[in-house]
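Across the two complexes that follow, subunit A remains constant while its partner is subunit B and subsequently subunit C.
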Partner chain A sequence: MSTRTHSALAHKSTFNVITKRLLHFLKTRAFFSKTDSIISLCFFTALFVIIYTILSWAIFDAVWTKENVAQCQDAVGACWSVIDARYRLIMFGLYPYDLHWRPSLACLTIVSTIILSCLPKLWEAKRLSLLWLVGFTTFFLLMEGSLLGLKQVTTDQWGGLALTLFLFASVVLVGMPMGLGLALARRSKLPLIRYGASIFIDLIRSLPLLTTLFIAAVVMPIVLPDWMTGDKIWRVIIAFSLFFACYQAEVFRGGFQAIPKGQFEAGDALGLSYFQILSHIIMPQVFRHSLPGTINMVVITFKETAIVIIIGFFDVLASANAAFGSGEWAPYYMEVYAFVALIYWSFIFSLSQYGAYLKKRMRIAIH
Partner chain B sequence: MSTYIKKTFNAKNQLIQVAFLLAVIVIIAGAYISARDNLAELGISSGFDFLNRATGWGYGFSLLETSIEDPYKWTLFSGFINTLFLGSITIILPTALGFIIGTARDSYNITVQAMATLFIQTFRNIPLILQLVFWYAVLIHMPSPRQAHALFDVAYLSNRGMMIPSLKISLFMPIILVLILTFYWTFKNKINALKTLPSFWVYGILLVGTALYLLSVEGQLLSIPNLKGLRFVGGTTIPIELITMIISTSLYGAAYIAEVVRGGLNEVPKGLVEAGKSLGLSERMIWLRIKMPMALRTIIPPLGNQWVFMMKATTVGVAIGFSDLFMLISTSITQSGQTLELIAILMGSFLLINFSLAQFINYLNSRMTLKGH
Partner chain C sequence: MVKILKPVLTTAVAICSISATQMSFAESPTVKTIQDRDTMLCSGHNGSYFGFVEVNDKNEWKGLDIDICHAVTTAILGDPSKAKIIPLSWAQRFPALQSGDVDIIIKATGWTMGRDTELGLQFSMPYFFGGTQMMAKAELGVTEAKDLEGGTICVEAGTTNERLIADKMATLGVDYNIVSYEKNSEVMAAYQSGRCDAFGGWGPSLAVLRSSQMGNPNDNVILSDTLSNEPIAAAMRQGDEGFVDTVNWTLAALLLAEEHGITQANVDDMAANPTNPTVARLLGSTPGIGERLNLRETWAKDVIKAVGNFSEIYERNLGMNSPYKLERGLNNLWSHGGLLYAPILD
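Here is the complex of A and B:
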């Protein structure tokens, strides 16, 4: 009996403490002075109106299934029927319809590769590169199919989100070692190589990505001999990777600068070779130091993949355009763009939040 | 022994460098040879002679006078001016907006902070080109000029663009003004006669002179758009592509710059702000005299990067048909086939723009560093 009263009292007091804290918080953070209170109320109302408008458009007043499409004409909210009817096109583009299980599985592989590489346990050059190689190979084999004995689907039939993810993953995978190479070249003791790397990095960095990709798509067939021209998608991936590499090289350079010179000298004194010093002493630390910058670059790269639509790829944005392009769905462009924006947003938001968290954690660890 | 090792080591290094140089030469020579062969096959003569040929095609937006008989050099120059114009808008507007939102993000008031966070997280995490096509789609679905949305009966928004009142002044006047002001600012502290002259006199005379000139010479000043039949007469029309570019790059850039500004404000030592408070300074004065000057030193380098980024990002305007340098270059390539020359012009222009911007940022940076550090 007595214990019960005691716990009730305790509950009451914790409740009191929480209310007190909340009141104090509101007093200092929202109602500090008269003008402050007015501003707070205005902004609160505005926030409420914005969020309510968005929610009622997207959820409360929305039409959800393609069977109810007739209701869309009178509905004030979103008409998600268009997504219900066309999501396969947005996700997989012109990939053969009855083979859609393959890109679904492939996208799942890449997404889980990305999620897995966020685990600190796997933060070792060997483990990470193995993970990405396996993830990427699985993706490619599933999509392409001929090596697994499935029906072959060539890259020109790939599209939608699957193509966006493919471009993104291959750019990161190819660009990362290139970036490391460029960063090392820029630090080289040999002047020619150092200057060469600097000029190359600065040149690519001062050109818009679109120009680089455009050169790869349009100019390269002229400059390269016929046997080297290859498929447009590979040229664009290589150009995009070079772009990624030049920025990533600068991120690595920051990582290198954080390492005291004494460590190189210590390695020298132990009689280790250049590559031994790099791989056993320097690189593990450089990777740690440049992790936040790297995540930032990965986020930017994912965002920038969207511009391949300009040079004629059927990526997720192009397939979104196609999804409402046909007459009956034309009025519902807003819903389609909102859907694609949500895909990009959730991916980029979670990655950049993760990057911010890491940065904070590392700041605590360093100080 | 040790000198021997050093020598072989050096020899190895020299060998690597020579190999590298050879590889570069081989790549360039190979590219040259295959380009020559490929171009000969296509029947295109290289060189910059085509710049004087008439283009024979028109394009949408331009600040300069254009016609389809313009030579390539004029068309490309007009594209360059468009890029500079759009670039300066996408630098100035997002910077102003970004400073406001970044300060709001740093506010102690949670509702203000929440609003700023909502803005930043929405516009930062969606690709620019997606925002671009979205706003373009929204604007293209605006009503036709006859049912245009009116703003106070002087500006109209329709699917043709935004009709706004325009000032009827010749280009001559602003140029003279700018020249006088530049001259005054440059030599203010160098010529004794100007030093003794109070500055408000100079500005006053300029202001009165401008007003007198406008009233006497130019006659009717404002031209207000008016619906006549199916289209508007008078005023200036801002084409829909330009509005789209301005809206989307401003929102996207502002979200980025707001984060930069917030980062800078965060770096200001707490003690300084508390010192200001204990001196009885108002919030506004603390922001103006303590926080901002301190924060600017951390803000300017990333802000400069952001400016360069925004300048380059204007190229995505090609997706909605905004006639900037990139779009005109790519159209010229399909029309004339002079791929290599045109790409060289494109690269050269962007190197020039970025280099000048970098110089400006360095200048700002050197102005901002604390004296004695």
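Here is the complex of A and C:
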């Protein structure tokens, strides 16, 4: 009881602070002089008109359910009926309709894995890797099914948001350690490894992602013998991870370069081994320094998964395309794109918020 | 050494080819592979191509091309659900066929010389005809290309449409401006905003856009000139005549069924009481049709039972029973003024 009143009080006081600040801002900045007032008025009116137009399109004048689709023809607002009728296509692509509980559960697993890995309690290399291994394996087993004794659904039927999440998670999961390995190889004292790594990184970075993926998906099965080709999705994930790793290696390298040489020497002087120096002194700092770049890479990767549409994967964008790609839904492509944009936005916004939170925590760790 | 080897090789090749011709009617390695696998791999699309390859509310493929795939699958395996549709992009379709990712490409693919020779493909007989056409606003009062004097035409950049329109207008001696855009949706947006008077593209796509995305269909007219006529056919890997025969005769069966009034609903009755000898041969009441293709005697009957005749497939996906309501036009049987005809079933 007391905590509730306390929090309510705190809430009220923050509210007061915000109103005070807003009033202060309006007095000192927006309406300070006559010119200021005119400019501010114009700006606020324009802002209001824009927001009102968007809201009335998206909410006030919108048609919501698929049963009311007939109203869409005359409606001035959005026709969300298309989402109501086709959201399962956007979410799960070509996955068999009766088995949709499996990708739903799988997506839930991966999302909760992401959320769990935000908890500071689990921030330990062992726990975090175990968590991801479990989350990722559960996702795969649920989607594929045959190992759990369920009906097998091969990867060519995967699609929609589930496929996008799978590609994203596996690329980051495979690419991150590879990137770290490449960054370490690039700092190696052995010239062969050092030059090998830098030539490899430059080679992959000089190829566009699309070319890399196209080679993996389309050219490889022609060149390689049958037993080596494997499933298309794995070839693409490996190629995508290599691409990710090469960029991520450079991000890590930036982190390494920020650390003064003296720290290595101090570690040596204390008699620590190479791996002890790395894991106790260097790596925690490297991670901290390379965090903004890493978050950037992860966000870019999430968006770049959309490229797989070109090599015939049914990712969230492709299934959105299919969602309005039929006669009765064709006029409502704006609504479908708005919906997909909202999905992308919510994932990427949460990712960058998580990044900001991590940075804050790590700053506390320094002082 | 070379001198001796050459005649030996020639003889060997000759003997092989003689023994090959003496083999039974149509021994096809591809059909054999499909039967062993018990699945047929067809091309789909990474998204949707109006009327030809779409996805319905139950996340299942549908469309004219999908139905043709189901027809071929039924002919070979007896069950349309044994078709597996692999999503492919336009750029990926031919490499995917060569690498064996799919058995056949049925994906609004035009039969061109380059594809037939350089790419090492083999085409079935055409099952659809569509050409470059132009669409204009009805309020302009234009009905054919020569009415577009001084007008602006929007097209997708780098397509054959652009060149064909230029050729046509030069032949007619009409003054015009051409504006090209990278993507089809940009062309459409430009046309709708009034940036251009006419819009050039593939006829069936224009008709689909007109009927489903541009408000009242009567606000826009498709001009009568057909600038090209592209035969759409199924593409297969070179060197398997037996498979081409199977696909061709599946298409023929769909057309023959339409010609003789056999539908999905009455196919069983027709098989029991054939109205003429061709129907009897087609539906396997008189044996022969199966043995010649190394398939079941009832394969054509099964196909019609599974997907219907060609008219039913067309009307369901593009015609009057679809949202697009396209006239059959060139895609009618020859006896109704179209270009489609079946070879003779003797």
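What we mean here is this: the second predicted complex is superposed on the first by the 315 of 367 C-alpha atoms of A that agree within 3 Å, B and C clash if a C-alpha of one lies under 4 Å from a C-alpha of the other, contacts with A are read in each partner's own complex, and residues count from 1 in each chain.
What we mean here is this: a residue touches a chain if its C-beta (ideal position, glycine included) is under 8 Å from a C-beta of that chain, and two chains touch if they have at least 3 such contacts.
Quick caveat: nothing in here was measured; it's all calculated off a predicted structure.
J.: Using the superposition on subunit A, tell me whether subunit B and subunit C clash or fit.
T.: Superposition result for subunit B and subunit C: clash.
J.: Which holds for A:Ile310: it touches subunit B only (first), subunit C only (second), both, or neither?
T.: Both subunit B and subunit C are touched by A:Ile310.
J.: Determine, under the contact definition given at the top, whether A:Val76 touches first (subunit B), second (subunit C), both, or neither.
T.: Neither: A:Val76 stays clear of subunit B and subunit C.
J.: Once the structures are superposed on A, label A:Ala269 by its partner contacts, choosing first (subunit B), second (subunit C), both or neither.
T.: In the superposition, A:Ala269 contacts neither subunit B nor subunit C.
J.: Which partner does A:Val218 reach: the first (subunit B), the second (subunit C), both, or neither?
T.: both
J.: When the two structures are overlaid on chain A, which partner does A:Val340 contact: first (subunit B), second (subunit C), both, or neither?
T.: first
J.: A:Gly196 contacts which: subunit B (first), subunit C (second), both, neither?
T.: So A:Gly196 only meets subunit B here.
J.: Of subunit B and subunit C, which one touches more of subunit A's residues?
T.: B
J.: Name the contact category of A:Gly327: first (subunit B only), second (subunit C only), both, or neither.
T.: Once the two structures are laid over each other on A, A:Gly327 reaches subunit C alone.
J.: For A:Arg88, decide between first (touching subunit B), second (touching subunit C), both and neither.
T.: second
J.: Of the listed segments of subunit B (26-34, 188-196 or 224-232), which one clashes with subunit C in the superposed model?
T.: The answer is stretch 224-232.
J.: Enumerate the residues of subunit A that count as touching subunit B in its complex and touching subunit C in the other.
T.: Residues 214, 218-219, 221-222, 309-310, 321 of subunit A touch both subunit B and subunit C.
J.: Considering the complex alone, what residue numbers of subunit A touch subunit B?
T.: Those residues of subunit A that touch subunit B are 28-30, 32, 36, 39-40, 43-44, 46-47, 50, 189-193, 196, 203, 206-211, 214-215, 218-219, 221-225, 303-304, 306-307, 309-310, 317, 321, 333-334, 337, 340-341, 344-345, 348-349, 352.
J.: So in the complex, the part of subunit C that touches subunit A is made up of which residues?
T.: Subunit C reaches subunit A through residues 44, 46-51, 54-61, 84-89, 91-92, 95-96, 98-101, 208, 211-213, 322-324.
J.: For subunit B, which residues count as touching subunit A in their complex?
T.: Going through subunit B, the ones touching subunit A are 13, 16-17, 20-21, 24, 30-31, 34-35, 38-39, 108-112, 114-115, 118, 121-122, 124-130, 133-134, 137-138, 141, 308, 312-313, 315-316, 318-319, 326, 330, 333, 339-340, 343, 346-347, 350-351, 354-355.
J.: Where on subunit A does subunit C make contact in their complex?
T.: Its residues touching subunit C are 85-86, 88-89, 92-97, 156, 159, 214, 217-219, 221-222, 232, 309-314, 318-319, 321-328, 330-331.
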